[in-house]
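Each of the two complexes below includes chain A, the first together with chain B, the second together with chain C.
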Partner chain A sequence: MSDDKLERTERALDFSGIQAPEELLRMKRATPARIGIGHVGARYKTAAALRFGADHAAANDAAFSEVPEDIPARLGFFSVQTLCRDKAEMITRPDLGRYFDEEQKARILSSCRYAPDVQIYCGDGLCAPSIAANIPDLYPAIRDELVFRGISVGTPFFVRYCRVNTARVIGPLLNAEVVCVLIGERPGLLTSESMSAYIAYRPHPDMQENAYTVVSNISRFGTPPVEAAAYIASLIGEILEKKKSGLSLKQNEE
Partner chain B sequence: MKDVLMSAGIDIGTTTTQVIFSRLTIAEKGGFGAAPGYAVTRRDVFYRGRVHFTPLLPDDSIDKEEVARILSEEFESAGLRPDDMDTGAVIITGETLKRANAKEVAESIAALSGRFVVTTAGPHLESVLAGKGSGAAELSTRTGKLVANVDIGGGTSNLCFFDDGAVLDTACLDLGGRGIRIENHKIAQIFPGTKRILEAESIRLSVGDSADLPSVRERIENLADVMARLLAEALLLLPESPTLRKVVTNRLITCDRIPEIVTLSGGVADLLGNLPEDPFRYGDIGAFLGASIARNGAIRERLNRNTKETLRATVIGAGNESLTLSGGTVFYQEIAFPLRDLPVVTLPMDGANPEAYGEAIGRAWERIREDGETTAAFASEGLSAPTYEEICRLADAAAKAARQKDPSGSQTWVFVFATDMGKAFGQAFRRRMPPKTSILAMDSVRCGDEDRIDCGDPIGRGDVIPVVVKTLLFDNGERETI
Partner chain C sequence: MIRRTTLLGHTYTFGSVKEILAKASERKSGDQLAGVGAESDLERAAAKIVLSDLTVGDLRENPSVPYETDFVTRIIQDDLDKDVYEAIRRQTIAELREWILAPETSSEMILRVSRGLTSEAISAVSKLMGNLDLIYAGKKMRITATCNTTIGEPGVLASRLQPNHPTDDPTGIAASLLEGLSYGVGDAVLGVNPAIDTVDSTLAVWQALNEIKDRYEIPTQTCVLSHITTQMNAVLKGGKADLCFQSLAGSQKACEAFGVTPDLLAEAKDLFLREGSAKGPNVMYFETGQGSELSSSAHYDADQVTMECRCYGLARHYQPFLVNTVVGFMGPEYVYDAKQLTRAGLEDVFNGHLHGLPMGCDVCYTNHMPTDQNDAEALAVLLADAGCHYFMGVPQGDDVMLMYQSTGFHDIAALREITGKRPIREFEDWLTRRGIWEDGRLGRNAGDPTRFFDDGRPGGTI
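Moving on to the complex of A and B:
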């Protein structure tokens, strides 16, 4: 566990009545779970309850907040929106988060390079803060390595109210050989800025879920964005070479 | 992926020569979507060779041919060939290290398999391997207590303190069960370390004394009691006497924490308790030392007798524990694995001052050339979750220095980080170097100045490097050459 995370949960540590505090700390370092926080009767102590409440609120905020308007522009990305009209609809109607209306599709088509080897775009998913937290390091690192390898990279953009399966629409629309969606992960109580990369070879509306190659837990608390980027770039290279992704890519090597 | 590695451990010690073979199971860590990471999850010793006396020639050098014969006998008896091995460690330990032809013997064993790591293990590494092989490291993890292992061999005793599985400190004493050799009921040889103890403690024993005389036997018992006391002193369980300084091989324990549990390994660990009927059965004073240790109150009150391995602790440590795995995201190109004996140079790395990193690489490169080395592993702690800009600026600075020293990109550049940034840095560095430059960048490996590292063939999906970090220095700065 990173010191940062430890520091956050350690504040709620309760040493009263503990005979071997060193031992408790050792166990604490082995798990991100909220152990050793004491109790009053059947209840949490105040500090632990507040910490829990604060982390829960941060997770809620991450899921329900919007990516500020200026963030995509600052990253040099243009923005489009799925069929969802607002966050509430995005949460309650996963199906609408996969599709775009004709106007948005035309916008994507006219703004983007057609038929790139790889189309990379990012989406808020269930974690708005993940975009500003990770994309500035994640995206250029992937792009630079792919370009160096002679792989053409499409025009990046940002999708508001985005679900992973937008890839089934974007891939055929732009005729991209590989699509890589960088999308906010459902937040937990430990991190509220993680994102995942979902990568598919020639995604299409009838593809299986297991055709996605996934890199998850990208954040400064998990796999650091730059290191994840280096790994994602190699994966994309491999997927282009073998012309498959997801489970069949893994099965191939075993 | 290949998930089981065959490993050999070969230990040529003062008294005994031992061979073990083990299977190391490698498994992928992490769940769905996790970036690759691997760990050794099982270590099964499936073959334990006989315990051979280390063959010596009349001039006290190692009998190389006899060692070769022992090895081929053990391979044959296990139904294996040296080529079946994926990795392995050959270590020459204790007094044997001081034999004139130790280097030559090590090299001849190395020739058996290109995958063997050959090292004339210094006292520090030997202490660590024995402590891990004996199970002391694991015991400290399991109990959360400070565990000290003492591996008592023929010529030396190796101490290692473990705190939660991590090495806290080591020490080595010129004190062992074969400190006096008995032949035909007479004292045949007294090792120099033992001589120093006898002098300091005014115990009169000489070569030729009859071991059957009650007075001589009493002095041997006296000596064994002193040796046990010295071990307790070295373990920080008793106040230090002037004699202790006279038997230090390389260094004493310097940490200020007193072990809560003491474990014993090595041949003498099997001789704790009352003296057997024929105490000179092994031709030395090991049985006396074992009895004295068992009687020593300071050691006894902390002693855990359930050591997993005793006599074979060091060789099992060599076979099982010398290999570590890099992080699962590494970068390499144009590298002819294995890379052997790369000297480690540690360099400070500061994201705010990348130029200093580049300059340090330039200086380090000059220095290793002056030392007659062709390449080195540049090791840094690394940055935790660096920004892409930091990675680019560090790679700029590193590549600038590298291109200045190696304009055509014909050298091998190896970078090691403790934090998770190996692949990111490696790719960024590669993009700034001439094509086809040999580059290896890996992480999750810790090593220090004056260590040397071996890097084996990548395993897993080719994304993890088996690494052996060899700590080969005596504290006086004299390198143990291979």
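Moving on to the complex of A and C:
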């Protein structure tokens, strides 16, 4: 964690009244959490309060922003859109964010390899900036590792206004054995570019929520994309082998 | 049972008790998303009038999900104290509301009657209460529970220390933990939400928490909020913790989406009573939150306050030490803005208390809600006065793992100072010895976690 965001939180560090400042700095370097920020009575110092306000504004902006039109193509993905008409509808109507109209479904069917071992696609979810921040390192590394293991990977694409449960539609539509959705997480104050991978074995419209295997906190502030890719690829390998995902996969292992 | 009323020349007729309950609910985006909320404020007012004339018996006989097909309904119905129920079944919800609010009705009287109320009846009475009613009634209820220490004594405001870390790094967790302790936070529980839900990771975080708790002899509880089966397997591998955590939902189908059954909960409680490190008898910790049933399409056209109440009906079966609603975590599709957040927080804490539960609240919001820290702070002040047992303590309110904002370490200290409340007694004594808490406020050593190193370092963690 040696980048600008860490610097920003360190700027609010406050050593007044601290017995061992070098210890506090060591502690702060072990976590991105807002510790060591001092206090005025039971309230925050001004610098810490202002820093928090600025970071909240950035996170709010990330949640309500759009993935720019040219980004998916630059990543080599074609684009489709769920039934949501805009960001506001996506935020309050998760039901619409899991379905596609007939035209979009036909586009997916005609553009994608049918019946792959694994279908991977990405979606904006609740954090548009996560796509450009993570996909360039994340997706090729997952794909290459799977191909290396002799697993067939479907045609990748981008879904605008995407919810995780698009997997319940995409899986049967493309007859994929495993579906892996790479999707933007709710932005936090330090990580307005995090994404998660939701992986399911033969997802279908009536599947349980706990049938997803989830890898969260993928970003340069949490699990870096390249490291996450190796883990996701090995999970997909295990899911294909055991023919189950989520809670039942875990119960199986323990 | 009368299901119709005429209001300003318009007659409103409702099809079922479930529909009356849903339409009498204060506006929530989740009920609108589910298509069960009132279509106008006047319809909502009409539904409240009709609801006020229903009896406790009407609510009991019309559970939101059928008894035959739902284990949550069965637990709520089977746990009912039949003598208490028989004595109050003809009372209307309007009468019940006034009886609860009446000054001569004591906490003991309310808690006795609550054993004869189903979760639907409790949901109903909360729908006839304004925000100040919920605070006024909530303030007089006294509910205690004991793990290693006792929560819920008069004049106490407790806190969960939530030192989450994006990769569960034990050093990072310990850093936030010591910082929180230095602000007097952590008397309810030292509780970590893990980023990685595995047995090994749970064991590693338990160990980090236990090392700090043991090294500094802290009178409190420890918990890692991984899935209940993960914690059980970690116990079977020889790990130790005080509290067993699980998220609950208000219908069988929604519980199954969480991988939870009554047998599993009973087995876990038994295991922690036998093999856990707590004195007990209360060893369970549950979290809930309006909207989780709808999110797994398991709400059965009931409103989210009623489904949330059914979580509490399930929770009370296991005599938990802690229950908290994570009121603003589900997102704006369920609880939209500051107005709905405030209402939901007050409803959940009151309804939990009326179930006899030691009720806390994660006063929180996500970054895709049109809310900010000011809204959370205002709700926390209201809840501190409504008898809320505990709040979360997160470094400056910013959870760097779960990506949402809650109440901060400083907020816990400020709320205690403003309301004249104190930490749990043994914990307060411990803080006082360390100069962290003096004369009802932060003391001379507050905010300096490096002073803990005067007494050595917890092995291997920091």
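What we mean here is this: the second predicted complex is superposed on the first by the 233 of 254 C-alpha atoms of A that agree within 3 Å, B and C clash if a C-alpha of one lies under 4 Å from a C-alpha of the other, contacts with A are read in each partner's own complex, and residues count from 1 in each chain.
In this section, a residue touches a chain if its C-beta (ideal position, glycine included) is under 8 Å from a C-beta of that chain, and two chains touch if they have at least 3 such contacts.
Treat the numbers as computed from the prediction; the structure is a model and nothing was measured.
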Clash-or-fit label for the pair chain B, chain C on chain A: clash
Which superposed partner A:P224 touches (first chain B, second chain C, both, neither): first
Which of chain B and chain C A:A141 touches, first, second, both or neither: first
Which superposed partner A:E23 touches (first chain B, second chain C, both, neither): both
Contacts of A:V118 with chain B and chain C, given as first, second, both or neither: neither
Which superposed partner A:A128 touches (first chain B, second chain C, both, neither): neither
Contacts of A:R186 with chain B and chain C, given as first, second, both or neither: second
Touching partner for A:S216 - first (chain B), second (chain C), both, neither: both
First, second, both or neither for A:I236, with chain B first and chain C second: neither
More chain A residues in contact - chain B or chain C: C
Identified clashing stretch of chain C versus chain B [189-197, 243-251, 297-305 or 423-431]: 189-197
Chain B/chain C common contact set on chain A: 20, 23, 216-217, 223, 254
Complex interface listing, chain C residues touching chain A: 29, 33, 163-167, 169, 171-176, 178-179, 183, 195, 197, 199, 227, 229-230, 233, 256-259, 295-296, 331-333, 336, 366-368, 372-373, 394-405, 408, 410-411, 413-414, 416-417, 441-442, 446-451, 453-454, 462
Chain C partner contacts - residues on chain A that touch it in the complex: 17-21, 23-24, 27-28, 30-39, 41-44, 48, 52-53, 55-56, 59-60, 62-64, 91-95, 126, 185-192, 194, 208-210, 216-217, 221-223, 247, 250-251, 254
Residues of chain B defined as touching chain A within the complex: 1, 32-36, 144, 164, 329, 331, 384-388, 391, 420-424, 426-428, 431, 443, 461
Residue ranges of chain A touching chain B (in the complex, touch as defined): 2, 20, 22-23, 26, 136-138, 140-141, 144-145, 148, 196, 214-217, 220, 223-231, 233-234, 253-254
